[in-house]
Amino acid sequence: MISITHVMLFSALIFAIGLYGALTRRNAIGILMSIELILNAANINLVAMARLWGDKSGILFAVFVIGTAAAATIVGLAILIAVYRNAKTVYADRINLLRW
Amino acid sequence: MIANLVKQILDLKIPEWFISLSVFYFILAATAIAALMVVTLKNVFHSAVALAVTLIGVAAVYLYLNSEFLAIMQILLYVGAILTLIIFAVMLTAKLSDRNIMQANEQKLASFLLTGALFAILAIAIVKMKIGEPAAGGTVALNELGRSFFTDYVLPFEFISLVLLAALIGAVALAFREKGDE
Amino acid sequence: MSVRELLINSVQFAPELFLVLAAFAIVLFDFLSRSKQRDLGIVSLIAFAVAGGMLWFISSHIPPQSSVYFSGMVTVDAFSTAVRFVICIVMFLAVLLSMGDRFHRDGDTAEYYALLLFMSVGLSGLSLSKNLLMIYLSLELVSLSSYILVSLTKREFFSSEASLKYFLFGALSTGIMLYGMSLVYGLTGSIDLDRTFAAVAAGGLNAGALYLAVVLVLAGLGFKIAMVPFQMWAPDVYQGAPTPVTALISVGPKVAAFAVLLRFFYKGIGDFGMNWYDLAGFLSVATMTVGNVIAVSQNNVKRMLAYSSIAQAGYILIGFAVPSALGKQSVIIYLLAYVFMNLGAFALVIPLIRAVGSEEISDLKGVAQKAPVAALALTLFLLSLAGIPPMAGFLGKFYIFSAAVQGQKLYLAVAGVLNSVIALYYYVRVIKYMYLDQPEKDLAVALHPAIVAAVIIAAAGTLSIGIYPEPFIRIVAGAVSIF
Amino acid sequence: MNFPILSLIAFTPIAGILAVLAVPKKNEKLIRVIATAATGIALLLGIGLMLAYNYRDGAMQFVEKYTWIKTFNISYHLGVDGLSLSMVFLTVLLCFLACIASYRIEGRQKEYFVLYLLLETGMLGTFLALDLFLFYVFWEVVLVPMYFLIGIWGGPRKEYAAIKFFLYTLAGSVFMLLGFIALYFTSNPHTFDILELQKGSGGFAIGFQQIVFMALFLGFAIKVPIFPFHTWLPDAHVEAPTPISVLLAGVLLKMGGYGFFRISYPILPEAAKWFALPLAILGVVNIIYGAFVAMAQIDFKKLVAYSSVSHMGFVLLGLASMTATGMNGALFQMFNHGTITGGMFLLVGVLYDRTHTRDLKSFGGLGAQIPVYAGLLTVFTMGSLGLPGLSGFVSEFLSLLGTFPVFQVITIIAVSGIVVTAAYHLMLLQRVLLGPLNVRWKDITEINRRELVTLVPLMAITLFLGLYPISMLYLQGPSVAMLVEKVKGLLV
Amino acid sequence: MMNYPYLIPLFPLMAFAANILFGKKLGKKSALVSIAASTASAALSISAFVNFLRGSVASVSFAWLNVNGAPVMFGILVDQLSLMMLLVVSVIGTLIQVYSTGYMSDDKRFSRFFAYMSLFMFSMLSLVLSNNFMMIYIFWELVGVCSYFLISFWFEKDSAANAGKKAFITTRIGDVGLFIGLAMIFWLSGSPYFSDLPAIAQNPDRVLLTAAAILIFCGAVGKSAQFPLHVWLPDAMEGPTPVSALIHAATMVAAGVYLVARCYPLFAACPAALVVVAYIGIVTAFMAGTIALVVNDIKRILAYSTISQLGYMIAALGCGGYTAGTFHLMTHAFFKALLFLGAGSVIHGVHTQDIRQMGGIFSKMKITAATFIIASLAIAGVPPLAGFWSKDEILVSMFASGNYVIFGLAYLTSIFTAFYMFRLCFIVFFGRPRKADLHAHESPAVMTVPLMVLAFFSIFIGLVGSPLMHNWFGHFVTFGEGHHGGAPAGLIMGASVAAGVIGIAIAFALYILKWQLVPQAVRIRFTWLHTLLINKYYMDEIYLSAIIRPIALLSKYSFRFDKNLIDGVVNWTGLFSLFLSEVKNSFDKHVVDGLVNGAAKLVDLCSGHARRLQTGLIQNYMLFIIAGLVIILFVNLIR
């Protein structure tokens, strides 16, 4: 029998790694990928909890999360391409005309 | 002597749970390492590959959590669709020069410390939650899940279709603009 | 669920259904024929008007059969109805603003208005949701629509940069919120707010973990209301986005997110053993101070209004930090006032920055002499934002301060009044340039009829709430009585 | 409900605004006529009010009360008693006279008169309101037109002065608002009604009273203005156009003092008692410090502005005494300061219109050149320095006399302030009127008829009240007596 | 006979109104208006006097103000003292106004002059008639302001304008005391009426009572130009000479004496206060007398003489000589008015005020000279002229009080008086003209007739208080002190005559016979004394450096304080922002630009800094929220 606590700790680790990536990747696609990690961490949690409570809603929630993640990725990439078209870069720290 | 020892070792009855657990922890470790690679590798393309590994690892965790349905969805949607999109985008925006420039910004240390602290807080909280054993037989039948989409979860289902539709319309509007404009 | 049941259920949601159909219709219409864009604007205008009318009719003539619908996913009560109605007003004004701005001349209007409609459904969903999943999905619908809306001005660099920042920031916040939701689920075993409430009320939960979960959930909602420390995106996005979109995202998501916040905290978590009022108070002071202080040194009018809207969110949070009926009422009253005055201000910013060809405040010199009515109206809205009677903003401030004083949170009241003094300075700075300085160049301010209509509606709202607030107060009191 | 004369007075200017708005911008003459008519009607109504008022009764009269915001028990509640009637009359009078003085305003006349009339409504409403919420609304309504009036038509540093005025007074008033709200929630039943709150005044704990008193004090003190909150005043007065300076000094400052009379003292009597000594000290600081600073001025208008600081000190002193005599003096002083300083500002304006300078060093010997002006200036200056026979003396005298039994040392210091007061006023007279004539002004023209119209009524009132001051006490005495009864003075 | 004493002041008031409103139209007729008014006042005063003797006293009162809930009734007080003053003021006032028609005939503000004179008459007569402290204070101030207007009547001269200002402010210093004193009376008794003074004097709190008395006396010190507030009176000579005669010699300056006499019940009850009064009076008398010895300006000599004589009166009152003081007040009014008018006539004739430029004009201005010498004899105390009787009375009362220091100084002063008056007479009227182009000529009749009338009074008015008329005055105006039995009245009378004679003799020897009475060596040794006197004991200089300059500086620094410190809210804010702007030049714009004050500066500064948080880098923003989250969570963790 696997330990739910360990799964949750694992999810927390993935979450932290994702955060770290989102904070440090210069490439916007890299940031996007890091955010996917965060979503996955949340999903792991949801599924683990569903397992814990013997409840279906967690699993269903996770399914919906995957669906919205797809939608978000589509939108994100579309925006990214629009930016790339304008700025010819995908490096987040180059895109800082709006400030102060 | 040595052969005997080897034989003895080979004959050792390893409990199934042990194998299962070992594999489980191996998967966790591998997934975590892959995740780390996602956020640290210099080449974005390599990162995307590492992300694929991570996602598959997560799918494996779902299996361990008795959620075959979700594991399948993970592979199909995440790896099949989302990751493909990302890789497309990577290739679309990639430049040769990118290989050699820094992929991480200057706030690495601060980020590391802060995420570390957050992880610590999370870990403490999780440990303090003192989660017991999962409910027995806590698996949800696949068909029950399927039915849920059209009964209890019909409204979320409608909503996510709206979300996808909106995303689609938006993405199309954003992507197709060049034709008319230039 | 039988068809009959489904139909009965659906009647209560006819406005949203109608809006979705309108969105489809617009997309299809656009697909089939390339006609004038203005028609689409009017179509969506009518759609929102009809939706509002339906909402009014249903709420007054068809009492809800039960409190929950769709297996407890959503709830129809006085509160959600009131918020939905406010959202209809917001969207109606937003459409008027969009029509008044010329940015959509180069196409894509069908998508633009369709996304507006989708977004309004998302906002309605937020106010109706009684389930973490529904909250998440509605929020995503709102977010994704608004990300795209921000970037729909194609070649504008600012707009796409704003959009990217908005997207990345939003995705991160949503991710954090989602993680928080998963923890809430883990702690309480349910994603239904009634049940989470019961679980928390039953006690025995780890307070630290619950607090952690709640704070993480707050991230997603805090992002929408631009609360410190989740406010960083707002100035950049407000500045970069097309002005009507700025107006919309400074109001719509904020209203809905506050509605969710109220529901989540009062109906989903409760205050059993966890004093999140202090947290709200602390965040409130931080938010308004950051917003006001930084706004002082802004020269871009949209950016200034962005900081102003951060500060306004800070004021509203005061109402949150007080566990009393008055506190809840003050949140909604202030939001109502904020809707009218902020949209009114943006409605005038649109033609003015077009006319002067710049977004710098100092370029508004002497506008009052060239466009007296526009300047007067903008002055009205700015003074309302500053909380000067007899405008709506004053009533909001009055409510907020009343709540703070009644709740014995003197520090909040004092922080609030000090902030409103600082705020006056930058609002009046705009007025100063418009009235006190002489015009440097000849400029013609063209007021599109849609803008005029929007200004009239906003001004009527601002003044009527300020001068005779009793009916509004009664509605709001009824709305928050569910908590 | 009888004839709503109070609403009529308060909203006559609004009717004027609507009429002015209907007139095209070019027709400045008609705009002026309408504005004058509106202020004139308000003045006539004010005179009618004075005639209809029952002088025997110190309680509220002509009360109008309609429910406004039921949730908070807020009502549209107006009324006058001896405390407010003189202020109302002062407001309508000065508004009318300053309106005539406004004919010389240059440019954007339509905007000017709209704002001007709005200002009048705000001021009148403040003095008439018997509901704290309503009071606050009118109080704030005053700020906005004042900001524009200073900011658009003011002098060279108008923007600075206008925003300073706005920020300062708003800072005070928001704290005042907090005080009002605290009163509402502490009273039982919850109410914003001033009269109701007065009835239940004994019920508040002393600690609570002190806190609320301090909050209200901030609002009122900035308006009065009390040292060290006075620094907005010289800037605002100097930069404002003449008619606005008149209203600023004549009416706006009174709003602060009136607040003490109407709200702080009757509702928070114990805090008032506790605060009497600090207030008296601040009063004497105002008197002495204001006079000293005025003496250092070489700008005519600034001198008058600082003299306001000094004069308002007597109001504080009289208030602090909590005796009938002192409080009568304080209230009386508010009225007199309005007429006398109002006249002084008008005179500054008359001279400025002709010479385009306010530098006292550049005048001299004008007494021989423009004797009528000189005479008027002399009368108002003498009134300002507290010469017996003119009204200013009586009120200063009363407030000092009322304060003496309570705070001897403070009064003695305050009295010695009259020497400094005399000094700077005489210095002013000497620099403007006496000495050899500065040849630059050898062709200066005498004061004209329109300007005389604005000044003579003020002078007449100053003289009348100086010669027959008890007439004012008939008006305000009964109400002040009721107030003193309520605060249970330290010494009757 | 008619008895409307309350009308007495009203006639001049009407004259004032007529002259100020219609002065231009009236032209020279304004003098007639004023004179008619004061003649009417004089007539009414006489009728009131007669009625009073008959035992009928009219009264009037009306409510003027409420103090402490009780109405203060304004009314008139007709008694011996006020009747005496009424007569003196109205008669002398009328005569001087007649004189002024000649003296001021060429002035361009002729009607304004008479308006002021009428206003003064009104104020002074009202002051005399006042029946309570408040009323007297009011008219006290009013006469002060009239004095101010009249001193600076020729305001084109800076010196005149300055003198007026100085007079007003200096007397106001005294008025502060008066004000506090009357506030104390109010506080002690609640009654402002003089009629209640005997009752007030019964108050057991002697210290407060004494303080009140001394404070009231402060008012008299200012108005009557007593040491140390005497400095304004010599400067007041910048005004037209009739003004000096009426206001700064005969009437207004006597108001202080009148006030002390009026409040005598109070002073009598406070011996300590009386001592103060006596010493202030005698110091003033002696000091001013000595200064008068060396001054060369004809009007200033008379001014110092006035101060000295007022000191005399005050000292007399202080020594219990109520009758003596008031009597001298009356006689002095007449001969001092005459002296001033005479001096005015001389100035009118020779167009200079410096006696060293005059000389030998007796022959050219016979009436002037004769009346002037009569007045000088009167002031010197030569019997049987008016001054003799009153001065003698004073010396007797001083001696009787047993205070021989005061008596001695007073005696010395009377020698000085005789000396400087005759020094003046001899230099001006006798000898040879010291200036060649001195075209002296006699003044017109409107000026000489009043001189003659006054001369008549100067000779005979003293008789009302003389044993020849059984000391009628002493019985009429009395504080019940009775006759000074203890004093050797005859001896003192002789000594008094001797003093006058000695003074005149020295003057005669020095200035007619040109004897060198004092050896050169001694003179050189005492040059410092001369310098001291010429510089009036350096009083003005002391005031300048000890009071006026510090006040001016205080005022200046108050303003700087106001402008810089209070306005800057907190100084360090400014310093701090200055420091920062040095560190970061780019902040200059935000620090300096459009700031309201210190607090706003601070906000703006913060704003300038805080907006830098908004780097435009999305990941910085993200870092910010994570940091925020960690902080929020951490705060909860440690709580």
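Think of it as A, B, C, D and E in the order they're written, each chain with its own count starting at 1.
Just so we're on the same page, a residue touches a chain if its C-beta (ideal position, glycine included) is under 8 Å from a C-beta of that chain, and two chains touch if they have at least 3 such contacts.
From a predicted model like this one, the values you see are computed outputs, not experimental measurements.
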Number of steps on the shortest touching-chain route linking subunit A and subunit D: 2
Joint neighbours of subunit D and subunit B, given as chain labels: C, E
Between C-E and A-B, the pair joined by more C-beta contacts: A-B
Remotest chain, subunit E as reference, centres from CA atoms: B
Chain occupying the most central position, where position means C-alpha average: D
Distance between chain centroids, defined by C-alpha means - subunit D, subunit E (Å): 35
Computed distance of Cα centres, subunit E from subunit B, in Å: 103
Intercentroid distance (Cα basis), subunit E paired with subunit A, Å: 94
Subunit C and subunit D: spacing of chain centres that average the CA atoms, whole Å: 43
Residue list for subunit E, restricted to those that touch at least two other chains: 594, 596, 600, 611, 614, 616-620, 622-623, 626-627, 629, 633, 637
Per-residue multi-chain contacts in subunit A, two or more chains: 8, 15, 18-19, 22-24, 31-32, 43, 48, 52-53, 55, 60, 64, 68, 71-72, 75, 78-80, 82, 85, 92-93, 95, 97-99
Touching two or more other chains - residue numbers and ranges from subunit C: 133, 137, 140, 144, 147-148, 151, 154-155, 164-165, 168, 172, 176, 183, 186, 208, 212, 235-236, 425
Set of all touching chain pairs, with the criterion as stated earlier: A-B, A-C, A-E, B-C, B-E, C-D, C-E, D-E
In the complex with subunit A, residue positions of subunit E that touch it: 611-612, 614-619, 622-623, 626
Residue ranges of subunit E touching subunit D (in the complex, touch as defined): 20, 63-69, 71, 112, 134, 137-142, 145, 148, 152, 155-156, 158, 160-162, 164-165, 168-169, 172-173, 175-176, 179-180, 183-184, 186-187, 551-552, 554-556, 558-559, 562, 566-567, 594, 596-597, 600
Subunit E-facing residues of subunit B, complex: 105, 107, 110-111, 114-115, 117-118, 121
Interface residues, subunit C side, partner subunit D - complex: 369, 372, 383, 387-390, 394, 398, 401-402, 405-406, 413-414, 417-418, 420-421, 424-425, 428, 431-432, 435-436, 468-470, 473-474, 477
Subunit E - residues contacting subunit C, complex: 590, 594, 596, 600, 603-604, 606-608, 610-611, 613-614, 616, 618, 620-622, 624-625, 627-629, 631-633, 636-637
